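Note that the chains take the letters A, B, C, D, E, F, G and H in the order they are written out, and that residue 1 is the start of every chain.
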Amino acid sequence: MSVNEMFSGIQGFLSADQDVREDIRKVVQGLEQTAREILTVLQSVHQASGFKDNEPLMRVFVLSLSLSLSLSRFHEHWRFVLQRLAFLAAFVVYLESETLVTREEVTQILGIEVNREKGFHLDIEDYLSGVLTMASELSRLAVNSVTAGDYSRPLRISNFINELDSGFRLLNLKNDPLRKRYDGLKYDVKKIEEVVYDLSIRGLAREPGSGGEE
Amino acid sequence: MSVNEMFSGIQGFLSADQDVREDIRKVVQGLEQTAREILTVLQSVHQASGFKDNEPLMRVFVLSLSLSLSLSRFHEHWRFVLQRLAFLAAFVVYLESETLVTREEVTQILGIEVNREKGFHLDIEDYLSGVLTMASELSRLAVNSVTAGDYSRPLRISNFINELDSGFRLLNLKNDPLRKRYDGLKYDVKKIEEVVYDLSIRGLAREPGSGGEE
Amino acid sequence: MSVNEMFSGIQGFLSADQDVREDIRKVVQGLEQTAREILTVLQSVHQASGFKDNEPLMRVFVLSLSLSLSLSRFHEHWRFVLQRLAFLAAFVVYLESETLVTREEVTQILGIEVNREKGFHLDIEDYLSGVLTMASELSRLAVNSVTAGDYSRPLRISNFINELDSGFRLLNLKNDPLRKRYDGLKYDVKKIEEVVYDLSIRGLAREPGSGGEE
Amino acid sequence: MSVNEMFSGIQGFLSADQDVREDIRKVVQGLEQTAREILTVLQSVHQASGFKDNEPLMRVFVLSLSLSLSLSRFHEHWRFVLQRLAFLAAFVVYLESETLVTREEVTQILGIEVNREKGFHLDIEDYLSGVLTMASELSRLAVNSVTAGDYSRPLRISNFINELDSGFRLLNLKNDPLRKRYDGLKYDVKKIEEVVYDLSIRGLAREPGSGGEE
Amino acid sequence: MSVNEMFSGIQGFLSADQDVREDIRKVVQGLEQTAREILTVLQSVHQASGFKDNEPLMRVFVLSLSLSLSLSRFHEHWRFVLQRLAFLAAFVVYLESETLVTREEVTQILGIEVNREKGFHLDIEDYLSGVLTMASELSRLAVNSVTAGDYSRPLRISNFINELDSGFRLLNLKNDPLRKRYDGLKYDVKKIEEVVYDLSIRGLAREPGSGGEE
Amino acid sequence: MSVNEMFSGIQGFLSADQDVREDIRKVVQGLEQTAREILTVLQSVHQASGFKDNEPLMRVFVLSLSLSLSLSRFHEHWRFVLQRLAFLAAFVVYLESETLVTREEVTQILGIEVNREKGFHLDIEDYLSGVLTMASELSRLAVNSVTAGDYSRPLRISNFINELDSGFRLLNLKNDPLRKRYDGLKYDVKKIEEVVYDLSIRGLAREPGSGGEE
Amino acid sequence: MSKKEAFQQELDTKHDKYERLVKLSRDITIESKRTIFLLHRVTSVPDVEEVLAESEDKLDGVKLKIKLIALELIGEDLYQYHRAFTPGIQEYVEAVSFQHFIKERSLISLEQINKDLIFIEDKKNEEPEGLSSDSQDEKDKPVCFQVTPTDYLLGVADLTGELMRLCISSVGNGDIDTPFELSQFLRQVYDGFSYIGNTGPYEVSKKLYTLKQSLGKVEDACYALKVRGSEIPKHMLADVFSTRAALVESDEGIS
Amino acid sequence: MSKKEAFQQELDTKHDKYERLVKLSRDITIESKRTIFLLHRVTSVPDVEEVLAESEDKLDGVKLKIKLIALELIGEDLYQYHRAFTPGIQEYVEAVSFQHFIKERSLISLEQINKDLIFIEDKKNEEPEGLSSDSQDEKDKPVCFQVTPTDYLLGVADLTGELMRLCISSVGNGDIDTPFELSQFLRQVYDGFSYIGNTGPYEVSKKLYTLKQSLGKVEDACYALKVRGSEIPKHMLADVFSTRAALVESDEGIS
């Protein structure tokens, strides 16, 4: 029967889709596990001992190479883990060089393509989302640096975050989830400003590198 | 046919309504963009360099003049952006004169009508909401003024915010979102008070007017 | 104190608003009671005795004159009762003249303004909603006319409803509640058609005007 | 400690309340079971065989006598089952005498007090709610009577329901749940009108009393 | 580290659980596919041609044997598909023999255990839910039988559904979803009664058995 | 009648189930009462005087022994109270020894079985949920310790919570409610870090063990 | 700074394209809905062909808009912008399958729909403004738009609602064949959807309930026709209706 | 017909009474809220007694309204109309317990509240219009209103929100003792509510979360005071604050 045949054909297409989704689910699960492990290592930055080891980064690199998914229409399914990985890359790069990672660097670190035609890629929204997550981690780092007796790091973080904030303010964000996350940046900026204030009023703030009080 | 003609006329009305909604959407989008740009300029007040330029205000004025919407029933569509613009107007006026902008002034600055019968207008709730947003920005400004070495501004802000707070105490607020926002004002008062306290115990507080930067 | 005075004025505005809402509530309550009473009188049309008395209509007229609310922003508060009154006006006009009441007529009958700038008004959606309620009442009337031995009225109703239906077909309805109500009209058409069919196969259908009871 | 003692006292009160609620729950459960059994017997009226047995009614009487709850503040807890029992009483009385049961009769049948000071009582809303449930059962009965070949009962039901409907229309119902249930009456009236219509157009309708059962 | 070791152990437990859930998900997916295929075959009963083939039932039997899940705590995961299969079994049995399938029969047909300790089982609620779904399918069947010219089947369905209804009335249902679904049965009963009414008033109803199929 | 007999049998099953649920309800009610009383005693830890008495713990032990429910399918009914008791056990153990209670310890304290086949048991999810509730209570305790003049406890809590956090990071949480609750842990960690920061910047933080309690 | 500007440009380009697609989708929705409204007139006008011809014109206009979408998507990731135009495409599927049913009394296939959306680029000036034709060989290739199976399913699911309305109108206008054809057809579609069940996206499963309701209404209408038709032989029924139709026709002048 | 009229009368009587009670409840709510607003001024004015006296007057007015409720309920089923006036009574409990806390720094008991709501009927013309005094011996009995334990609990739960606001204002105004007293007090109330837990009505359990948040805010405020106070001896802190207060005072003329 004609209608029946038509629906059978569509059902075939839907089943194939389901299989792809299933595969993605497994890959994403693995990536999430890796991301969790890297984060655990990175958390040590909040301890007095600090962060030294950048070996976990390599593991993302290796793992993501095995990704050969070329279907951007399942983007929703790996969007979350990509943002997570972008955050981790941005955080590692900041800790190493106190610079903002570029989108190109993130894709190189994660071993993925920027060009969407070539498959798995990093959307600008996902990159920015990762950067915003890092900003919130930095506000926490500013607090913990003071506890660990490092009074210059908060000032450097403050400058970095202010630059980031004015950069974001130039963007005409339409994308709703990103916009919401950006609103969170205000709180991070404010928190860091308060840390710098606490240091200033107690005469503990020093220009990073230069020395001396204001 | 008579009934048909009647319904053709009705269809005309319905289409016109839809067009108005579309127009509002576009105007609101433009206003949001302008508001964002003004805020970016205003943010410089938190930097040591401070804020000098009041030119952006003009742009709101010009832009809003092009608004000829006379239908208050679409209020929900532009409520959010109006609150945003009211905040900006209040903030600029405070920075220029350290006084509280009145509702009339806001409507003049934005080039809109107060009287709702005459069309586009500024609800009391929207005005108050804008004022509360400014209060929270001022608590941030108090913190950053100290960091920038300006010890008299926090005291002036403290007086201003206290006055605002006692003004709000006169209001019997029913409206839930506004009431909640008003509760936030108390935290701004508290934060500013803590700054003033910090200055006091260190002997840094000065009588406004007697010493100060201004 | 200047700020205090400002806020005292604002409190006045807020209180006035609350009073208006209270007034509307009372007027609406009265209108609902009147609408109920009119409907009770109109219900007699479904009895064999039929409907003769159009005096209650006058009472709506009188009552609504006392309405001096000029604020369209409280529309939601009286929308329901307005639809009800529009239905009653449409039903009375149909019973009297077997024609479709226009929106202008409804507003005249109810003593209200069409122009929304002039205050209390009748939205197109509310007018159409009232007309659809009447259509459903007419399908009931067709059934009961047959029971009462009036075989010509169903045919006249059938023609009227068909015209109405083709009028509605001209409308590009977006509004969800109205669209749903319009779907109900098709069932009314169908029901009346079944009555006409029942009369036809039994040779009871007569040309309207040629025979009939009236 | 004073605050602690105060809360202990209140906790005692709340526990006592909970116990009463528990007791009510059990009594209500029993009543619901009885109601279900009575309804099962009454359902036979929809069969060709009809309903003869009014013995179950007695069982409600006996059971409800055991109720000695004198706290009207738990009204919500037994409201539902009371409405159910009122419906059953109204239905039985209609089947026996084709009259509307009075509130006094219902309370006598159920063995409960009308006067609320004397404890368990029957609110007018609960009585009316029971009556409305019966109306819906009667519309079903009209349909099933025709199936069973009884063409006069639908006409008698139609008259009865019309009287009921115009009675209800006089009531100024504020109580929301009751109002909603009353809206359902319209559908029952319409359904019965359609049954009468079906009989009329086929020449099967006879004046009740004049012709007797077919 | 002690806490870390504890959590490693816990992760082991969680992973095992996840694996079981994964297995169930696959089995359930297969069962759903089978159920859908059976339903497609059964749908032909609504066509004029009717339903003849009972071969698909066998396929459920075979497939479910492969289930060896012994953990009742994952009941939620297969509850839905079980209800679906119970419905299909009940529907097939009704079509074949016009009797109500018992819970034991369903479990035999599906090849599952009744005893919950032995693993995969059929809860009473799931069985009853399946039966209620069938009842609603039968009300549709009554309508379509008339369209197909079979005037005796609706009467048989009516008797069957009435029996079912009085059976359900014996149950003291607490379970909320089931109770809700049972309320739907009333509409099915009413719908079928109206079908029988339509046949009766037109002299089309015949006693099942006495006249046979048209 | 066959169908009736079937349903009578089913009602028997349902009643038995209902009785079990009723029993559980009573036991759970008792447990909740005990839990509430224990919590009231434990709350004294937030007072300056601190918490000394661990006698209430014994009462849980005794009461829970009376539980002989062996049906895991009613898990939902006692899940909430179990999580509550797990929290209390974890809190008491932390207060006594500043260590993390193990799942085995919780079951011993509560007198219940770990093995789910043997009946009443403690799910991993319920244990973890209890631990997370404790974490949030500890962040409150850190704040109140400072108020009470104890500046060393927050540092110890901070270390403990950090360990807990990295433990949780090892878990691959699928379970949605638990995952959500885990997200709350981040806020607790941050809150405690800010307390430690406040102490540090004012020179009040001392290494636990080196300085002792004030 | 320049990096941020590049971001801004990328975000703006994306956003502007998205907005243009949303606008196109809205236009497609409105025009498709109008086509459907127009097609419903087949139950009440004498000349069905005229209505069909008019609907053809309208749908040709819609296709031109879809071509604009296709042009916007050249070299782009379809699925990144899918949310922008899916409502319009679903409505188009609804309209085109409604027209197809009225003409052919059958379900249009996804293949057929997609075949009708292959556009041969014949005039260069048809290109929408703001679109740079950066690659020259694209001019030779036909521009085409591919409706996804899911959009097809969702459009067809909505079609059943329109068919239900058509059925009820038909009964109201005395057409006694269409309802039976429709019930047969809708049952097949319903069975098809039941077969797909919850393997498709959530939106599809969600429509199943509405679909069942529509089918129920059509089945009820057929039932009503059968039951009332039972009182009089079918050929006489037709007579009654043609008399009736004439009667309605002649009445129209009076009121 | 006469039966229906009797129904109508009964329903109308009930409904009218209900509406009057709703109206009274609204008035009580508004006046109680105003009292609470007024009482918040104790943190910012020099003369606390004046504020307390004014609040006393306001609450006396509220009590008169509650008396009107009590009069409406004579011979009636309290619980049938309870929903009509419960919001007002809860707000009154909130206001009166707020005033009590400010004066006594303790929780007013339910018994105390109810004792204040026993009214001795001294003037006959005080009776509200529309109320028929059918039984003569009622004039001798005192009219009294009984707040239910649940309404008391709900009022006290909301009180904690006001106390939190009072605490934050106090900190803002340099009052360093009130926050500590408040945290002590709120902890007791919180423990009391925790003890009652879910044995009370659902509305009470629902407030537990807000209550915990309020307590948290007060505990945070105390923490902040303690931490910042740690930088300077407490007696000096007081000096700083009195200087500060004077400074604010003297400033007021300037702006």
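Observations, loosely collected:
As a working rule, a contact is a pair of C-beta atoms (placed from the backbone, for glycine too) under 8 Å apart; a residue touches a chain by one contact, two chains touch by 3 or more.
Keep in mind it's a predicted model, so treat the numbers as computed, not measured.
More than half of the contact pairs of C-G, counted by residue number, reappear in one of B-H, F-H or A-G; that pair is B-H. With respect to chain H, maximal separation of chain centres occurs for G (centres as means of Cα atoms). The geometric centre of chain F is 57 Å away from that of chain G, both derived from CA atoms.
Averaged Cα coordinates give chain D a centre that lies 43 Å from the centre of chain H. Chain F has its Cα centroid 46 Å from the Cα centroid of chain B. Averaged C-alpha coordinates put the centre of chain A at 64 Å from the centre of chain D.
Those residues of chain G in touch with two or more other chains are numbered 191, 195-196, 199, 231, 252.
Across the assembly, chain D contributes 170, 172 as residues in contact with two or more other chains. Pairwise chain contacts in this structure: A-B, A-F, A-G, B-C, B-H, C-D, C-G, D-E, D-H, E-F, E-G, F-H.
For chain C in complex with chain G, the touching residues are 98, 155, 158-160, 162-163, 165-166, 169, 172, 183, 186-187, 189-190, 192-194, 196-198, 200-201, 205, 207-209. Looking at the complex, you find that chain E touches chain F at residues 1-4, 6-8, 10-11, 13-15, 18, 72-73, 75, 100, 102-103, 116, 124, 128, 163-164, 166-168, 170-174.
Chain B contributes residues 33, 36, 39-40, 43, 46-47, 140, 143-144, 146-147, 149, 195, 198-199, 202, 204 to its touches with chain A in the complex. On the side of chain H, the complex with chain F involves touching residues 180, 183-184, 187, 190-191, 194-199, 216, 219-220, 222-223, 226-227, 230-231. Within the complex formed with chain A, the chain G residues making contact are 3-5, 7-8, 10-12, 14-15, 18, 77-80, 82, 106-107, 109-110, 149-150, 152-153, 185, 188-189, 191-193, 195-196, 199-200.
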